[in-house]
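Look for subunit A in each of the two complexes below; its partner is subunit B in the first and subunit C in the second.
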Partner chain A sequence: MTESSAVTGALANIRQQSKLMKENLHDGHLLQALKHCSNFLNELRTSALSPKQYYELYMAVYDLLDILSDFLLESNRSKQAKSANTAFLTDLYELVQYSGNIIPRLYMMIVIGTTHMATKSSSTKEIMKDMIEMCRGVQHPIRGLFLRHHLSQRLKDLYPMATVDDFNDTVEFLITNFIEMNKLWVRLQHQGHSSERELRYRERKELKILVGSNLVRLSQVVDDFSAEGYVPLQFYVSKIFPAITEQIIQCRDPLAQLYLIDVLIQIFPDEFHFLTLDSLLSDVFLELHPMLEKDKLVETLVERFVLYHKYEDSLSSETQNLSLEEGAKKVQPAPVKFFQSFVSFYQKLHEMEPELPAACFIAILSSLIKLSLTFEPTNYENLNTIYKFAAVVLRDDSSDQDVKTTASLWLELLEAPIDHFSSIKELLKLPFYHALFSKIQEPELLRSLGLRISQKLVSSATKEQLSSTEDIDDVFKYLSILIAETDSKSTTSKDLGVQKTVLINNNETRVSEAFLHTQETICKVLHLINHSDHFQCLTLLFYVRKKYLNAAFENIVFTYPTLVTRMTNCIRHAGYLASRRKKVEASDQTDLMVTSNFKNTSVVIDELYKYHREADSELVFKLYLNLASVADQLKQETIAYELFNQCFIVYEESLLLNMSQSNLVNPHESMGGSLSYQAILMLANRLQQLRYFSGENYENLITKLTLYGSKLLKKQDQCRSVYYCAHLWWWVDPLIDEPSLTVQPREGDAPISEGDNNSLYKDPKRVLECLQKSLRIADSCMDPKLLLKLFVDILNRCLIFNDYGNSSVDFRYINGLIELIKSNLTNFEEDLRNNDDEAKLIKQIQQYFNRTLRYVRNRQESEGSLGGIIV
Partner chain B sequence: MLTLAIGDFFIPERVIELPSKFCKLLSPNAPAVPSNPKIAQVLCLGNITQSASTLRFLNDLSPSFHIVRGEFDNYNILCQQLANLGHKSSNPLPFYKVVTADNFRIGFTSGYQDVPRHDPLLLLTFAREIDVDILIWGGAHHVEAYTLDGKFFINPGSATGAYTFDWPEIEEKDDDEDEDDEETTLAPSNAKSSGGSEDQGDKEESESDEVERKLSEDDKEKEIEDKQDPCELEPLEEYSTPSFCLLDTHGSLCTLYIYTQVNGEIKVDKVMYQKDE
Partner chain C sequence: MSFFFKAPLDIEIRLDSENIRKHINIKTTHGRTESLPIYEDGETVKGEVTVRLKEGKAVEHVGIKVQLLGSIESPLDVISSSEFLSLATELASPAVLSNSESYPFEFKNVEKQHESYRGKNVKLRYFIRVVVSRKNKLDITREKELWVQQFSSPQVSPDAIANTLKLSVKMDVGIEQCLHIEFEYLKSRFLLKEVIVGRIHFFLVRLKIKHMEISLIRRESVGTAPNQAVESDTLVQFEIMDGAPVKGESIPIRLFLGGYNLTPTYKDVNKKFSVRTYLSLVLIDEDARRYFKQSEIILYREPKEN
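Entry: the complex of A and B
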């Protein structure tokens, strides 16, 4: 017979017998009914069913016994109505004891006994004691468990609670029942063949609630009872906690221990646990079965406490809203003490069972961090202690394999406080936090943590500044791996394009976007280095470069731009402040400091040039330009001159013949061109902003640049460089509110005077010379279309200078140019009829020319400027 | 149709990040793509420097993203990052670009290839060459908006408020009435006719210092202080004012919204421009 048909058969029998019982009850044949009742209860004697199936039978029977109980209660009431002292139920209770089999007998006894108790008779407690004594008669685990469960279910609302005595008896009853049930439950594990261990284990898991419900009832009873002098907390500590935990320890069964500790933690209030914490941790947890995962237990306990804290917090903030005084009264349990309890538990555990897996210790420490952060958010000493323990675990846990498997746990341990704090400066300072960090060997782990730390630093709203070398050390010691690690190795994932990558270093190196992101983050951290004194700030920046950033020269190309830009900016600020102060008191000291900082920064740029000359000279060039501009603004002419010289050197050595990007050049576009052409324009832009150069030095530089421009490889680049350079001889914006050194009359020089505005450097003849030169270059162009375009470009340039009042670029010159363009255009009339690309291009130039003429006409009509130009 | 003009980020070279209020304002739907339901196209004026995340942020704002090269961009890396974002083109990072919005041809460039840059006459010449109605250029690190020869010129400033190594601005010593005059030239009714009258001679003024117009009272106070003690040098500002511009075009009318963050608060100013037909 299979199990399921066994159930069906049993259920059929129960249905049939119960039908008969109900009929008999209806007819008032009580004894007959009890017989049928005993019959269907017989079905519960089986040992052939799984717990689940047995439960099905039990539920069917339970409902039927309800009917019986109701009937008994009703007939007892009617009998009592006749005579007050009827012994109807007592007699019945005696009677059913003659039932042949123990299972039906006990079930019936319990139904009658509890019904009797419900009538509030005087013998309530004796019956209760009697029933629990009798239950000892069933020692089969499943049958016993359900029987006792039945007992406690029937008793649910009937426990005597009137006096302290009653209460003690009730508690005694519940504890006894709990102990007995637990014993049965544990014994179930050892039933049957040893090959069925796993099955047993699963079955037991299904039954755990039967055992746990006793504790639930117990906690309700403890909570419900009230009497003078009764304090639930004390009662728990002195009576319940010892009794229950003793059983938990003694049963030596991992499943029971795990489950029951969990129930214990969950069902009793937190205040109870606070008081018994020491004992729970060191007397109970440590005594438990060695197989038990103690980290899980600690986690449960801590979770519970954290939840409690959150609840209390929201509660106290609510009450504080209502009345300030009440909120203040709320006393938190001394958290220091229970952190200590956990710590001593951890120490003992570590001492007693050092062979436990590292994961277990880390998990416990993780819980402790959570606890400390919740209850004492600012107690860094606690964290330090935890990390000290962790460092010990890591040392023991030296085999590589282990570190890999526990990597995520280590990460969690180190990251938890990073997420928690708004400022992590204090955390990073903890000696053992760093001790633990530095013991980690896994680069993956270190990288991830370093990145996490730097992201936290730069994303926090407060943006805490690093204003001393100690501050810098505290942070950068966590970043060294990010700084030092290069990403030049080619990997399969890069090659397959799984990882998004970027080619750098003249397309020789392939780095991942993640790597670039890391470098970006390091740069952002550099921004946190700050000091109210700009010279101090510079010192810090030089410090970080020397001690950390130049660890990998391959990477400085990513971090130095930010570093140098910050240095340049710091010098700018420091210099401005110094020049302000100088007006009050002369100070050579600060002047000297400014000068030396310029030199030191230049050295840093040079270092970058040294290592990245091949691929990134353009970058170096720009950094020099910035520094040179600032030097001029701070009236450091010698320095600025030298720095511009550096720019010229980089230009000559590395940019002049750099052919990268040259494939993209469209000669007709006035913007863009070869890299060297771009560099000339960048330089020109900086030079035209110089204001504190002597006339001689300024002219040296601009003449040199114009010459460089005229020597570029391509005609269009030459031509445009020269006409742009014309602007260097014609300032339109004073930029400073004092006379510029550049326009001071020099010895042996004819004073430059153009109109009455002496603050602007203007040399009309040189401007014209430049324009003529560029026209000559354009004229030598082989491509007639390009020639035409350049002519129109130059015409527009001439209009600008004419507009700005340059008398040398007069209307006659411009008219000549216009005529030249017109006659050139007639050469293309033939081509314009076609509809090819060439015609399109010529049309474009023609339209540009027409727009230019229309513009001149507009200007002449509206305000009479650009006079004399014939359009 | 809404066109966003934004540039000069310098992340991480000069600043850590875009102001968070700008991020929220610009990408209300993040992380959905496009993260802004209203903006039709984004014009970026370069100087992203080395921030792939910023590039992605801009790319994801609207269905259409255009970018030009800034002076401090790494051409090589930026091109590849654009390619990784799906911008396949032989030259994804040109010096200038022309797009259209309603009846407008809009050109934009970082402008560092113009010498001297920011010069209105040079910008006008360039606008003429590429035949645009609106020219947006970068690198000024403060907002400018003016009309010249019937064309509209806009510099949206730096979105992050990054500093610049250009000369600090000289506080102009104009009387208040002068400023009022400038304000009216920017008003919509005058914008159409102001083209011819504005450009000659006083170029510095015709730049019609937009920032100054918007600056609040305390800056005027500074100015007064300045007058009292002309020898005293103004302390340098650590950062410029973060700003960007939105162009709302309808037919031939363009409304320019200028967003600035002053003292942590976002301010919006409006300038109108009507195109000559």
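Entry: the complex of A and C
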């Protein structure tokens, strides 16, 4: 017979017998009814069913017994109405004990006994004790569990609670029942064939609630009872806790221990646990089955406490809202003691079972972190202790096979507090935090943790600054892995474009977006380095570069620009402050410091140049340029001169032949051009703003630049460079308040400018020379259209200088140029008739020329300037 | 036979206040129930014998006597039937009965040494026999059975009872390396309406026990060894444990005796038979093997309340 048909058969029999029972009850044949009752209870004697199916039978029977109980209660009432002391139920209680089989006998005893108890007779407690005693007769695990469950279900509302005595008896009853049920439950594991162990385990899991419900009831009873001098807390500590935990320890069954500890933690109030914490941890947890995952228990306990803390918090804030005096009365348990309890538990555990898997220890520690963070959010000492333990475990575990699997747990351990604090500087300072960190082997983990830390630093609302070398050490020792890592290793996913990548180094290298993101984060952290004294700040920046950033030269290209920019900025600030101070007091060493900082910064740039000459020389060039401009602004002429020379060197060495962009550029476009052309323009722009150079040095630089410009590879670049450079000889804006050094008359030299305004450097002859030179270059162009375009460009430039008042570029010269352009244009008249691309281009140039002329005409008419030019 | 030789007389034996006397229902071997009046040791047996004439014919007799007899009977040949009590009183001297006549009789303070008993192989009966003797004709007899119960243990003085009451029975039994149990009954003497209370402690359990029961066995032995006929009869089977216990477990025993039809312990009644009751503890393992241990319990009738 299969199991399910066994169930159906049993249920059918129960139905039939119960029908007969009901009929007999209806007719008042109590004894017959009891006989049928006993018949259907016999179905519960079966051993053929799984717990689930047995439960089905049990439920069916339970409802039927309810009917019986109701009937008995009713007939007892009517009998008592007739004569005051009838022993109706007592007699029945004895009568059913003649039943030859123990299962039906006990079920009926319980039904009648509890019915008897419900009538509030004097013998309530005797019956209760008798029933639980007789239940010992059922030693079969499943039947026994259900029987005892039935007992406690029936008794649910009937426990004697009137006096302290009653209460003690009730508690004893519940504890006894719990202990017996637990024994049965544990025994179930060892029933049957050993090959069915798994099955048994599953069945036991299904049954666990039966055992746990006893503790639930116990907790309710403890809570409900009230009497003078009764303190639930003390009662729990002195009576219940020892009894329950002793049973839990003694049963030596992992499943039971795990479940029951869990129940114990969940159902009793937190205040109880606070008091028993020490013994729970050191006396109970340590005694449990070695297979048991104690970390889970600790986790449950901590979760509970954390929840309690949250609840108390919200409660106290609520009560404070209601009335301030009330809220103040809340007593918080001493958290220090807690933590100590857990710590000593951990130590003992570690001593006793050092071979436990690291994961277990880690889990416990991470629970401890949670606890500490919740109850003592600012106690770093606790965290330090935890990490100290963790470091010890990690060392012991280093040879282990499953390091990989536990590794992520380590990470969690370290990451846990990061989110908690608004500032993690304190955390990073903990010596054992780093000790643990440095013991982790897997670069992946270190990377992700480093990233977490830096992101936290960057995103934290307080924007803390790193203002000492210690601060920097504290942070960067966690970041060094990020700084040092390279992303050059090629993976298939990267090459195939599965992973998002970015091309750098003139499309030569692919790096992942994540990598770039990491480097960006480091740069953001660099921005956190700050100090109220700019010189100090510079020191810090140099420090971080020397100690950390130059760890991987491949990567400095990502971080140095930020660093150098920060340095440049700092120097500028420091220099300004110093110069302002100098006006008040005598000069001090600041000059010297500024100088040396310039030099050091330039060394940093040089280092970048050294390693990234191939691809990133333009970047280096720009950094030099920036630094040079700042040097000039701080009147550090020598240094600035030196730096400009560096620019030239970089230009010569790396930019001169760099044609990378030139292929794409339309030669007619004056804004585009090769990289070298761009570099010339950049330099020109910077030079044009210099004001603190001596005239000689300035001329040296601009002459050199113009020369470079005229030697560019392409005609159009040469031409344009030269006419742009013309501007370097003709300042239009003083930019600074004081007279510029550049225009100071040099020894043995006549004043250069003869205009009314001699604070501006002006050399009209050189300007004309430049324009003529560029015209010459343009003239040598092979493409007549480009030539024409350049002519018009130069014409515009001439007009500007004419407008500036340069006497050398006079209307005669301009008129000649206009004529030249006009005559050139006539050469194209035939081409203009065609409607091809060439004609369009020519047309554009023609329009450009016409616009220029129109502009001149307008100016002449409205302002009378640009006189003498024939349009 | 009696049909053909119908007695010309009807004899009726009436006991005093028979209607209000306690009766006992006894099942006979034929499955009928008999209701018998209960007498005690030393109680006077008093009544009236009425002799009625049938068909109005006068009957001549040589005397009417009434006997109170106690006898032990057995169908087996291990013992011979014997009468241990025989009292007789003359009711009427020889005469001719022409009317129905009633004769009161009384056996004063009769000592009834034994209790009535009906067993498989032996019966102990008390009965009143009225004999109407006739010349050259069969005596006309009529018997009426009494049921005698003694309300205090005959063998032991009340002091001794009190002593033994306190003594509990403890027994250590086991099978080497397999089972070791100790069972304990709070006492070994029980009133018939009492409750057997005890415990069983398991010290070692290597058997796969399926369940455990106790049974009450009545053993009736007739005659003396070697010529002895022993008959055992299981009166009660009572499951006290379901499933297999573990070491250290103790199982309660409670058996109400009142509901069962038990016999007090009779030891060597008239050197002819004994009836003893044994309490047997039976363990049944999963292969349905039975392991048992018997121990005698002494049952006695409760002293009558005054």
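Following the convention adopted for this analysis, the second predicted complex is superposed on the first by the 755 of 871 C-alpha atoms of A that agree within 3 Å, B and C clash if a C-alpha of one lies under 4 Å from a C-alpha of the other, contacts with A are read in each partner's own complex, and residues count from 1 in each chain.
Here, a residue touches a chain if its C-beta (ideal position, glycine included) is under 8 Å from a C-beta of that chain, and two chains touch if they have at least 3 such contacts.
Since this is a predicted model, take the numbers as computed values, not measurements.
Subunit A has more of its residues touched by B than by the other of subunit B and subunit C. Within the superposed three-chain model, A:P561 lies in touch with subunit B and out of touch with subunit C [touch as defined at top].
By the touch criterion defined above, A:G137 reaches subunit C but does not reach subunit B.
Contact with subunit B, but none with subunit C, is seen for A:H573 once the two complexes are overlaid on the shared chain. Once chain A of one complex is fitted onto chain A of the other, the partner contacts of A:V458 are limited to subunit B, with no touch recorded for subunit C. Once chain A of one complex is fitted onto chain A of the other, the partner contacts of A:H527 are limited to subunit B, with no touch recorded for subunit C. Once the two complexes are overlaid on the shared chain, A:M782 sits clear of subunit B and of subunit C alike.
Contacts of A:I102 after superposition on the shared chain: subunit C is touched, whereas subunit B is not.
Comparing which residues of subunit A touch subunit B with which touch subunit C, the overlap is empty.
Taken together, the subunit A residues at the contact with subunit C in this complex read 45, 94-95, 97-98, 100-103, 105, 133-134, 136-141, 143-144, 183, 187.
Against subunit A, the residues of subunit B that register as touching in their complex are 11-17, 49-53, 71-72, 74-77, 80-81, 84, 90-91, 94-96, 109, 112-117, 119, 121-122, 125-126, 128-129, 131, 149, 163, 165-167, 170, 196-197, 200, 203-204, 231-233, 235-236, 238.
Interface residues of subunit C facing subunit A in the complex, by the touch rule stated above, are 211, 237-246, 249-252, 254, 256, 259.
Contact residues of subunit A toward subunit B in the complex are 458-459, 463, 500, 502-504, 507, 513, 516-517, 519-521, 523-524, 526-527, 558, 561-562, 565-566, 568-569, 572-573, 576-577, 579-580, 583, 619, 622, 626, 629-630, 633, 660-661, 664, 669-672, 678, 681-682, 684-685, 688-689, 691, 724-725, 727-728, 732-737, 793, 796-797, 799-800, 803-804, 847-848, 851-852, 855, 858-859, 862-863, 865.
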